[in-house]
Amino acid sequence: MSTTKNLSKRQNGVAFLFLSPWLVGFFLLTLGPILGSMYLSFTNYDLFNPPVWTGFDNYRKLMGGDPRYIQSLKVTFTYVLFSVPLKLGFALFIALILNRGLRGLGFYRSVFYLPSLLGGSVAVALMWRQIFSYDGIINHFLWTYLGYDAPSWITNPDYALGTLVLLAAWQFGAPMVIFLAGLKQIPQDMYDAAAIDGARPVQQFFYVTIPLLTPIIFFNFVMQTIGSFQAFTPSYIISDGTGGPADSTLFYTLYLYEQAFTDFEMGYASAIAWVLVGIIAIATSISFLSAKYWVHYGDEG
Amino acid sequence: MANAGYDDMTSETDQFTAQPTAAPTSNINHVTARSKARGRLIMHLFLIVFGLLMLYPLIWLAVSSFKPSEIIFSDTSIIPRHFEWENYARGWAGVAAPFKIFFANSFVIATLAVIGNVLSCSFVAYAFARLDFAFKKPLFALMLMTIMLPVHASLIPQYILFNAFGWVNTILPIVTPKLLAVEAFFIFLMVQFIRGIPRELDEAAAIDGAGPIRIYFSIILPLMSPALVTTAVFSFLWTYEDFLTPLIYLTSIENYVVPQGLRLLQAARGASSWGPMLAMSLLSLVPMFIVFFIFQRKLIDGIATTGLKG
Amino acid sequence: MAATQSRRNFLKQGSAVMGGFALTVLSKGAMAQGKTRVRFSGFVESEEQLATTLKVLKAYEAKNPGVEIVPEFSTFRSFTDKLATEAAGGNAPDMFSVNVDLLAEYAARGVLAPLTEYIPDPLDVSSYQDGSVFSCTYDGQMYAMPNDAIATAIFFNPRKFEEVGVAVPDKFYTWETLQETAVALSEAHGRGFWGIEDGGGNNLPCDIFLRARGKALFTPEHTIGFDAEDGAAWFQYWEDMRQSGGCPPADVQAQAGDNSASLGIVRGRAGMLVQTTDSFIGIGALMEDPLDLMMLPNGFDGGEMKQHLYDYAGNSTGIWANAPDKALCVDIIRFMHFDPEGVELYYTGSGMIPASTEGLEKFGTSGTEEEKKLVAYLRMLREDPAPSRRPGVGGLGGMFRRGNEAVAFGDATPLEAAEALVAEINEKLAALKA
């Protein structure tokens, strides 16, 4: 930034002009509900009667080892740990393949995006059962050809979370599209320059493609991590909102939701939410601190 | 223009095969071309097999939507015994309101969301990526923080606020936030893309006397078109498929959007709504698929028009 | 008429926003010019029920030109989330559906208006079955009007019995006989088939089981009606059932969820299922095989045999405590429940069995084969009905399911699971009383 002398002076006026939609939105629409939710986390609030200030009681209850809360933490961390790398790896791999000159690319791209279009619809839940349940396709194959009487993957506490990780990987469309857009933005002359310097395709990949894609890899990583910590829909639709069997897919936000809307413990649920904000903030800060070492921006050139 | 999508690997190969020079070189080139052709074939095979794997559930949905309700779940065969068009007719006619109303509502909202997000988020992203101003870092952190709070936690305070504005049962609670760049996801996305654009371009323009506003419109905006297209696609798709916000704010049936309409068909204890529900689920995917297909072409074409000439 | 107007309104908002007037607050009242507007919200149990409800509301509007009823329907779970948000925001619908467990939660928290002053005039419930009235009563007051009568039953697929020559139990039989029958079916059909689906995670049959032990889930005073030992016996019963192969192992059972499409009986791999009668038509419609229903066991081997089943209201209509025009809401309810024209529109073809005795007789004779089976079943229960269930606490289904799964997956003994269950119910009851 120091290299750009004539742009480096403060441009407060014009900057805040560009920022104005967000500033208005933030102060008018976002800030109030955020502060409200923070306030509620210090209260006992059943949704229908006025909240009663209880100080740090909700947080104390959390720290005091609510067993289902601890279970939801375990489930969520496991999910983040496995689903984020799997989904991003998949998305990047397919994006790289699709970025090559093949006929019918538009078709493949759309086909691969289809599962993500299904999002959290009922159809996904029905189909996922069709595949992974006791009488699903996988077990039909295992029993007919291998004579193996397999469990119901989707509803066995040992495997249920695994099928949700697979579901996340299957719906890799969004990061794939973002990777593709990133690949499209890499200027062709970078490759030309590398080719003139005698770089082979593999070298071009490691010295041109990957470095120039790092801002997008970073973006996808941060956003997928935040999204996975907040994962709700997969378990909500697959387990009918129960987080079962035996709480094995009890995502953090599902427990929060249950506390708020089934048990009417909105104060406690708000405290749960704010602890999650803390966890995500820490994870995001670590990502941003690490970015210095591996993310290359064109504007730093 | 239509061919702009196929990148240089294809044209490179074509060039080699089209220009036979001295015999030995040409021979080598033929070998390369043949192995490249084989490579492409393998790649296609891989993509097709993989695509089928991805598509299986969708095929199941399509087939099931033509089955009568009583055999959808007991008969697992992939070939329907006969086509039950009635599922579509009944689903489309709807019980509470014709399904086309839900589609129309969804289109209005999703289109506004696209416009809102593309405009507002690109303004804000430009400021964060290129301009220097007071409290830049804390404001950026604050913006990211807004997406860290789970939706269910702020739902009720937000409802109280929007209800006080008199916005309930209007599209304002869904559309206004998009116009006011509330979706930090897209701002951050665009910031990353803008930061990938070399600063020399801005500087050259600045030397020519361009101010930040002109730089934004004449340099940044055209160069970030992949990010704009991406934002447009996701704004459409994610708004179109969102259920929670419409559920809370669009209360009367004639204002329902597609996901709410599908839920009406999903009555657990009904005699026969499974078939129509699956039929409408499939139908509801069609607009999303079309939008995605068109936009992904734009994404590819984009490079031809914006390709940095350095 | 109203629909077209508000459609125009919707598009107007759209174009206004496009025109950049996003912040102008556009009135939502455009469609209510000069009319009293009543928001009617609810959960839809079936497409048929939604159709008849809309029909009866339209008819009311036609008779009362000054009234506009805005229907706001969704599935049960999304309806409850929405209602909670709206009630918290001070903007609940004027009238809405509740079920027996939600009723206690909402009545105790002051969300529902008591209907006492409207009984018996215009709401005369004297011909309603006790069970349906009880399930709308909390703390001595009625808080909603029962829309239908449902009961717990065992659904069975008679073909699966005939195929292997296992006898369907008699009218009165014991819990032990149920287990023997289930095991016999499982053994005769072989791999991948089970006599009955695991009912241990369902609170409704547990109430019938407890009655055979002289207990109940809840007392009329809205306190817990059983102790950990009773609960342990219940969980143990199903653990024995699983061990003996009468019902599926835990993971296969968990597949069913609360989704009729995934039920074993629908998929042809179970012979019996414990369910409430309002699901009978919907589940039957998903099967090619016939479906029939019978009573749950009414006692234990060597004990007294007595009818322990009862019917109650599956859904009811209540009025928001802060609704501006309660009298109007009451009049709409009156029209749906007591006006001959309204009753006809509301119930015919809805799949609901009315809660009143005349209603039952009237719709029991004109309905489909399935409806007649249902009415015959309810009539049988009404010959000697047991005292009906009382409102409990919200989330009861989840607590039972977790308890049963903990036992089934070997994470807890039946007694441990029952102790946790009792503690959780007591905690919830205490929260309501506070």
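As written, the chain order gives the labels A, B and C, with residue 1 at the start of each chain.
Assume contacts are C-beta pairs under 8 Å (C-beta built on N, C-alpha and C of every residue); 3 or more make two chains touch, one makes a residue touch a chain.
These numbers come from a predicted model, not from an experiment.
K.L.:
Any chains in contact with both chain A and chain B?
P.N.:
A chain counts here if it touches both chain A and chain B, which gives C.
K.L.:
A-C versus B-C: which interface comes out with more C-beta contact pairs?
P.N.:
If we tally the C-beta pairs in contact for A-C and B-C, the bigger total goes to B-C.
K.L.:
Measure off the straight-line distance from the CA centroid of chain A to the CA centroid of chain B, and report it in whole Å.
P.N.:
The answer is 16 Å.
K.L.:
Which whole number of Å gives the spacing of the CA centres of chain A and chain C?
P.N.:
From the centre of chain A to the centre of chain C is 36 Å.
K.L.:
Could you tell me the distance, in whole angstrom, between the mean C-alpha positions of chain B and chain C?
P.N.:
From the centre of chain B to the centre of chain C is 39 Å.
K.L.:
Counting only residues that touch at least 2 other chains, which ones in chain C make the list?
P.N.:
81, 88, 258-259, 261-262, 267
K.L.:
Spell out, as numbers or ranges, the residues of chain A touching 2 or more other chains.
P.N.:
As it turns out, chain A has residues touching two or more other chains at 47, 126, 261, 266.
K.L.:
Among all residues of chain B, which ones touch two or more of the remaining chains?
P.N.:
156, 160, 176, 179-180, 243, 266
K.L.:
So in the complex, which bits of chain A are touching chain B?
P.N.:
1, 3-4, 6-12, 14-16, 18-22, 24-26, 28-30, 32-37, 40, 47, 97, 99-106, 108-115, 117-124, 126-128, 130-131, 170, 174, 177-178, 180-182, 184-185, 187-189, 212, 215-216, 218-219, 222-223, 226, 230, 232, 253, 256-257, 260-261, 266, 269-270, 272-274, 276-277, 280-281, 284, 297-299, 301
K.L.:
Give the list of chain A residues in touch with chain C in this complex.
P.N.:
Chain A residues touching chain C: 46-49, 125-126, 129, 133-135, 149, 151-152, 154-157, 239-242, 244-247, 258, 261-264, 266.
K.L.:
Of all residues in chain B, which touch chain C in the complex?
P.N.:
Residue positions touching the partner: 69-75, 95-97, 101, 105, 108-109, 112, 115, 155-156, 159-160, 163, 165-172, 175-176, 179-180, 243, 247-248, 251-255, 260, 263-274, 276.
K.L.:
Mind listing the chain B positions that touch chain A in their complex?
P.N.:
5-11, 40, 43-44, 46-47, 50-51, 54-58, 60-61, 76, 119-120, 123-124, 126-134, 139, 142-150, 152-154, 156-158, 160-161, 176-177, 179-182, 185, 187-189, 192-200, 202-203, 206-207, 211-213, 216, 223-224, 226-227, 229-230, 233-234, 237, 241, 243, 259, 262, 266, 277-278, 281-282, 284-285, 288-289, 292-293, 296-297, 299-300, 302-303, 307-310
K.L.:
What residues on chain C touch chain B, complex-wise?
P.N.:
3, 6-7, 10-11, 13-14, 17-18, 22-23, 25-28, 39, 41, 44-51, 54, 70-76, 78, 81-82, 85-86, 88-91, 93, 258-262, 266-268, 278-279, 281-282, 284-288, 351
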